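One structure, pasted below without further comment.
First chain written, first letter: the chains are A, B, C and D, and each begins at residue 1.
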Amino acid sequence: MNLTESDLAEIDAARGQSATTRRATVPALEAMLFTPVPVLDHGFVRVIDYMGDDAAVVQAARVSYGRGTRKVSEDEGLIRYLMRHRHSTPFEMCEIKFHVKLPIFVARQWIRHRTANVNEYSGRYSVMDREFYIPAPEHLAAQSASNRQGRGEVLEGAEAESVLALLREDAERNYAHYEAMLNEGGADPDRRGLARELARMNLTLNAYTQWYWKTDLHNLFNFMSLRGDAHAQYEIRVYADAMLAMTRAWVPASCRAFEDYRLGAAQFSATMLAVLRRMLGGEVVEQAASGLSKREWSEMMAMLE
Amino acid sequence: MNLTESDLAEIDAARGQSATTRRATVPALEAMLFTPVPVLDHGFVRVIDYMGDDAAVVQAARVSYGRGTRKVSEDEGLIRYLMRHRHSTPFEMCEIKFHVKLPIFVARQWIRHRTANVNEYSGRYSVMDREFYIPAPEHLAAQSASNRQGRGEVLEGAEAESVLALLREDAERNYAHYEAMLNEGGADPDRRGLARELARMNLTLNAYTQWYWKTDLHNLFNFMSLRGDAHAQYEIRVYADAMLAMTRAWVPASCRAFEDYRLGAAQFSATMLAVLRRMLGGEVVEQAASGLSKREWSEMMAMLE
Amino acid sequence: MNLTESDLAEIDAARGQSATTRRATVPALEAMLFTPVPVLDHGFVRVIDYMGDDAAVVQAARVSYGRGTRKVSEDEGLIRYLMRHRHSTPFEMCEIKFHVKLPIFVARQWIRHRTANVNEYSGRYSVMDREFYIPAPEHLAAQSASNRQGRGEVLEGAEAESVLALLREDAERNYAHYEAMLNEGGADPDRRGLARELARMNLTLNAYTQWYWKTDLHNLFNFMSLRGDAHAQYEIRVYADAMLAMTRAWVPASCRAFEDYRLGAAQFSATMLAVLRRMLGGEVVEQAASGLSKREWSEMMAMLE
Amino acid sequence: MNLTESDLAEIDAARGQSATTRRATVPALEAMLFTPVPVLDHGFVRVIDYMGDDAAVVQAARVSYGRGTRKVSEDEGLIRYLMRHRHSTPFEMCEIKFHVKLPIFVARQWIRHRTANVNEYSGRYSVMDREFYIPAPEHLAAQSASNRQGRGEVLEGAEAESVLALLREDAERNYAHYEAMLNEGGADPDRRGLARELARMNLTLNAYTQWYWKTDLHNLFNFMSLRGDAHAQYEIRVYADAMLAMTRAWVPASCRAFEDYRLGAAQFSATMLAVLRRMLGGEVVEQAASGLSKREWSEMMAMLE
């Protein structure tokens, strides 16, 4: 994470500002506000703004002045109930805005979450940064033999060295050519400079971009559930993990309910439930007689371990 | 607008709270926070929470740390440029949450705006309020003769009296029957009480409901543009107007751009533009030779008046 | 379901039309096309149009010309895999359009599904039908004593009779007053007629409306999962059930996967999984020592029955 | 556009299939179905499926069986009315599905249109194609001097040659290294092969990807309006143009209304309207006394030329 002096000064200035508000305020998140948390080699996530807290979820679920709505339970009980029964709209009443620096190939996965607001740094308008993601040696994984979209063991020795060298050299060479084609400031008086919107196509997919990304708590949970999952690519999972830590500070009760009922939960199909009932009845069930495919069987066994 | 003592006490308590925050804060909107603004006979709108300000629009458009992005213009100039060129994503970076009390037939139009978050008071779970919208005499309009979905002149005399009496009596009788069917608290020991989710079907469409409604600034502008339009039904337009006043306090520069480029703007079709060019060239153009239908012609003339 | 002669003639005409197409076509759904299936006392659902079939899900998941994508499994296996692992985008590649007649209070729940396209019959522009939902005696349920938003036993005797009479009389009276206020065709020469957009507010929430509703298969599954659930109100559940039968005809393999992995499935929280593992290990677990609340415990036991 | 023998055979097979349907069918679009239309050097667009036609827009706007809705005008008149008055929901009732091959930097702009369904070829799962976009000499533009996100004149001579050589060499070298890192099929027995999801980051942003993209007619119009605009980047505009030709074949009346009221239309702000009125009144208005900025003034003059 390479921030310039002026970037750091801007962050300090933002952190130094202070105002009085009647709005719901969360001191634990205020403490984190604006500070970038490093992710990968040059990326980061930082919270820029937020709206609401755990109480806002409860307040929206009840709607104020509601005659007939007595406080049947503690707030956390209501939050857990809402999460368990998929009443998602109260969680939509909280909103958060992040500033994220991330490799382009990660951005391409991330943007698939459509219920969010995004402003990305524009390579048509501005010059892209000279920063690329190069995996740490321990994340330089071989193709998985069993899972077409997964990773196997870590590459080692000469192959690892050669891969890292190729990634680094290609990214740097392509960036140098990008700069040459741009000819910003007329460095080479014999060139007119290629349009930025064209030159950027020479960059590699591990080049870093950045954006403002804003979403509501329900859709943030969806994001963290899908991208924090073991099947997600490591390079996006680390962003989901960093955001989970921030979400815990922001809405602790909602986040506990999310971790219990969704992140740590498991879904059993109708067929799996039938197997489960036989097992709980004391029967020894084998895959062949379970009605499940081998793959489903092993997925079910994994859920029970 | 009939608020109970306990509602008013809750509002006062909310207005009395105060915290320190590093977030963008707008004093003019803070002053309005939580206070209901009356709309129609028993409805209201009040701001519950907000995120961002004019500067947040600018900051998102530029994305921080953007090398190559120099301040080419004042913030307001940039905001006007974004609005004029339909760059809508920076306006999505501001968010606002309202609490609204409104008649059900208005709620049914309002909910068609899909890009928003909503929590409505539940008639399955709670008892609905005994409040109905009865038009003020000056809004009791006859069916328009020329416009199938519009209003004509105001009803007067015996017809007006009879209509108001019917609306009032039917709403009150139906509510009384609703209450009787519910038999809340076992008032009538010989009844078990109809399920709330069924009894509510006896209410009329002018019964009031309420909800929390949260949206981003871009979609709020869309709402105000469509529902604040002269073609919108009066009963929803008054809500749009009340929200426009709040939006002016919140994001004055964005709101000025919206009023200039959208609310007060007019769209000329390709054919209309051709007519306009002929007129500006000094030609006297008649409808028959304009290429426009009579209806389009009169719409164009109205835009130029 | 009261269709006029001209409605029936229009349906017959639509069913009589025939064209040749290169598009994916599903004979079992073609057979149902345009025919209304009765729901509740005056409502219906009918399929108006559709796009895609089970094979379209598979084709989208694979994207054509994809080098490196060999057919590792049967199509149904792939569909089951996609459903199990929440790969929802291939199911979005199928689209279906319904014409639905439904009570307004049901429409108000239905419209909360935002990812859909809707055109509703306009009470501003047209006169509403004289049709109201009156529950069949066996669905006239008392308020549940244990569940604030649920139903208890069926009402009987004098209370049932009185409730049905109230519902019927109020709906009919209010409609008669609606008609009188409209004064369509100048029936009463002394009245000018109230604007349609105002008069409709006198109708009750069990009045029928109708709309065209179009959505993709993924969001249709979401709808059927939430509204076909035992916790959903009976009056919307019957629509979900009718649509499920149509979906089975349309995309049988996708629908089987949906019924196995979602409709008939159950989600166990992290805490419930821990309990399950102890039970499968032969331990006798009691609620008190389970880490689950009483409510969660009974929900878990219900899932295992 | 390089299609393999097997791709072409699959297209021929799809075009050869034929079925009978009761659905709305558009012969002019059927004739185009499945056939790829070349865009850029290796890209294409082809229609895979569609739902509805011009009549479906009309039918949805009217909702069948609507008492009180008489045919006041021809279908095209209604379609024009809907378009002019921003009644967008009837246009949402038509749906179309495309298969598109496009450079990744174009895909990154395209995906910003959120109201669409997308299935993209997966570089985690499959090996990417060896195809890159290299601009034709006449589109190799210099950076615009006046517009930070625009293009200026075409590069010529040595600079053009050098830029084209760099783009070509870098894309090819990076792809060769991608293949080497993958080591598919164990070509090099001393390598294990880097995971596909990692290796792809070495590709350049002009590498081609492909996806299935499905949207409704209203959102297709939005896409074509924004991306077919003169301010859009040339490389995405050519896709919008190709799709416009297909849309004309599909829904000719809706498309005519779109071209008149939106594509060829111009929006005048409140301030511009005031200037227009003065001009039409015979006054000679200068920028300085217009209330418009220089930039707005020149934009207004451009609209009137």
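Just a few scattered comments:
Heads up, the rule we're going with is that a contact is a pair of C-beta atoms (placed from the backbone, for glycine too) under 8 Å apart; a residue touches a chain by one contact, two chains touch by 3 or more.
All values derive from a computational prediction rather than experimental measurement.
Considering the contact criterion stated above, the chains in touch with chain A and with chain B alike are C, D. Listed candidates were A-D, C-D or A-C; the one reproducing the A-B interface, defined as more than half of contact pairs identical by residue number, is C-D.
In terms of C-beta pairs in contact, the better-connected of the chain pairs B-D and B-C is B-C.
Averaged C-alpha coordinates give centres for chain B and chain C that are 28 Å from one another.
Chain centres here are Cα averages; for chain B and chain D they lie 33 Å apart. Among the residues of chain B, those in touch with two or more other chains are 89, 112, 118, 122, 125, 148. Chain C contributes residues 103-105, 107-108, 111-112, 114-115, 118, 122-125, 133, 135, 140-144, 148-153, 155, 158-159, 163, 166-167, 170-171, 173-174, 177, 180-182, 190-198, 200-206, 233 to its touches with chain B in the complex. Against chain C, in their complex, chain D makes its touches with residues 3-4, 7, 10, 14-15, 17-25, 30, 33-34, 49-52, 56, 59-61, 63-69, 89-90, 92-93, 95, 97, 99, 117-122, 125-127, 129, 184, 210-212, 214, 216.
Partner chain B is touched in their complex by these residues of chain D: 72, 77, 80-81, 84-86, 89, 112, 148, 226, 231, 259-261, 263-273, 276-277, 279-280, 293, 295-296, 299, 303-305.
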